[in-house]
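What follows is a structure written as structure tokens; I'll ask about it next.
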Amino acid sequence: MRIGCGYDVHALVPGRKLILGGVEIPYPSGLLGHSDADVALHAVMDALLGAAALGDIGKHFPDTDPKYQGVSSMVLLKEVQSLLQQKGFRVNNLDVVIVAERPKLAPYIETMCQNIAGVLDIERDRVNVKATTTEGLGFTGREEGLAAQAVA
Amino acid sequence: MRIGCGYDVHALVPGRKLILGGVEIPYPSGLLGHSDADVALHAVMDALLGAAALGDIGKHFPDTDPKYQGVSSMVLLKEVQSLLQQKGFRVNNLDVVIVAERPKLAPYIETMCQNIAGVLDIERDRVNVKATTTEGLGFTGREEGLAAQAVA
Amino acid sequence: MRIGCGYDVHALVPGRKLILGGVEIPYPSGLLGHSDADVALHAVMDALLGAAALGDIGKHFPDTDPKYQGVSSMVLLKEVQSLLQQKGFRVNNLDVVIVAERPKLAPYIETMCQNIAGVLDIERDRVNVKATTTEGLGFTGREEGLAAQAVA
């Protein structure tokens, strides 16, 4: 068994969709990035790649490659799963925490978990998504961006 | 075996008790929160719940519920352990890092470990508590708050 | 099997060498600290010590001890490995993410992995080093310092 950790941050800006764990969340701002900037899935992918000693998402999906412009991170997660499979790994379980002052994410958590479990083809109870705030402190507290941490 | 991660932040304010790992630490400020705001135990509980795919502490102990007003996080940790037991899990080991510019936490670490091991009913050497600073940087460096990260 | 997590931060200042994962990186600033301030190896050591319930690097290598002034963190990592061995542990795998707005770390990652695997005497494919930015946000985004997170 191997373990890995992921950490990612994206800036919150007006006029972008907010997509987290593959769920589009109704909100006046969204995350800036080359792909859909799904910070939760990015942290998950980095944890999975890390556990398999396959580098990180910047190595596999460079943000200078036009192929990944606006791509859904669900598609990238599927590619990560293929990479793991090729190396003979399967996902045992994973846990991710989304750090966001707002919006309230509780209504979307279950769908995020199902999305991730579906793409990775593992049981729902091997996936956990949590949300927390930083109580108004730091860049997440000032709502300049969202962060996510994951282990797998 | 399953793994999970926890991350939590609370603001440091005058006139509150500073409670970390179940230890009351003599200090002119303390952590603001609905419960006792024990940021270390909150991160630990989120890691444990995450590993078991049981959501997070916000789901189990909503900060809008008057039942949890001022509650000791040691009591909440016991409840988390019961939830794990009901699902057939036992705690293998856990590790937490408290991010605090001040005060020096070294004198309290051993008691925190014993507290956590005691509540979870596991051997002392399956629990580890660490402390670090952010060298004056960020919200923890400015002593606006404390953060904690855990894995289990 | 045990797991641990590490988190460390050092300030970025002119006139110091930038050493990450045991690699000296050509850059006009470097990390401030009592040792060589290798934030990546510090997070790795804390994750390893945490997994073994051996405390943290502050306990084993106090920054008030002149013995550790300017010491290479590669030497400290070797000492950590000895401590683990004495307790009957061996390293299964580890993953670390370096949080740095700049410089680009991709050209140095492979050497960092080889350094860590070499000191710990484990296969190269049990070590993973990742890099990410915080997209200009927070103290790492303002290039006031670098951070690192690890699991082992």
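By written order: A, B and C. Residues from 1 in each chain.
By our rule, contacts are C-beta pairs under 8 Å (C-beta built on N, C-alpha and C of every residue); 3 or more make two chains touch, one makes a residue touch a chain.
This structure is a prediction, so every number in the text was calculated from the model and none was measured.
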item	value
Same-site or different-site touching of chain B by its copy chain C, using the half cut	different
Between chain A and its twin chain C, rotation from the CA superposition, multiple of 5 degrees	120
Intercentroid distance (Cα basis), chain C paired with chain B, Å	24
Sites on chain C at which at least two other chains make contact	1, 3, 5, 138, 149, 151
Chain C contact footprint on chain A (complex, rising order)	1-11, 32, 46-47, 49-56, 58-59, 138-139, 144-145, 147, 149, 151
Residue ranges of chain A in contact with chain B within the complex	1, 3, 5, 92-93, 95-97, 99, 106, 109, 113, 124-128, 130-138, 141, 149-152
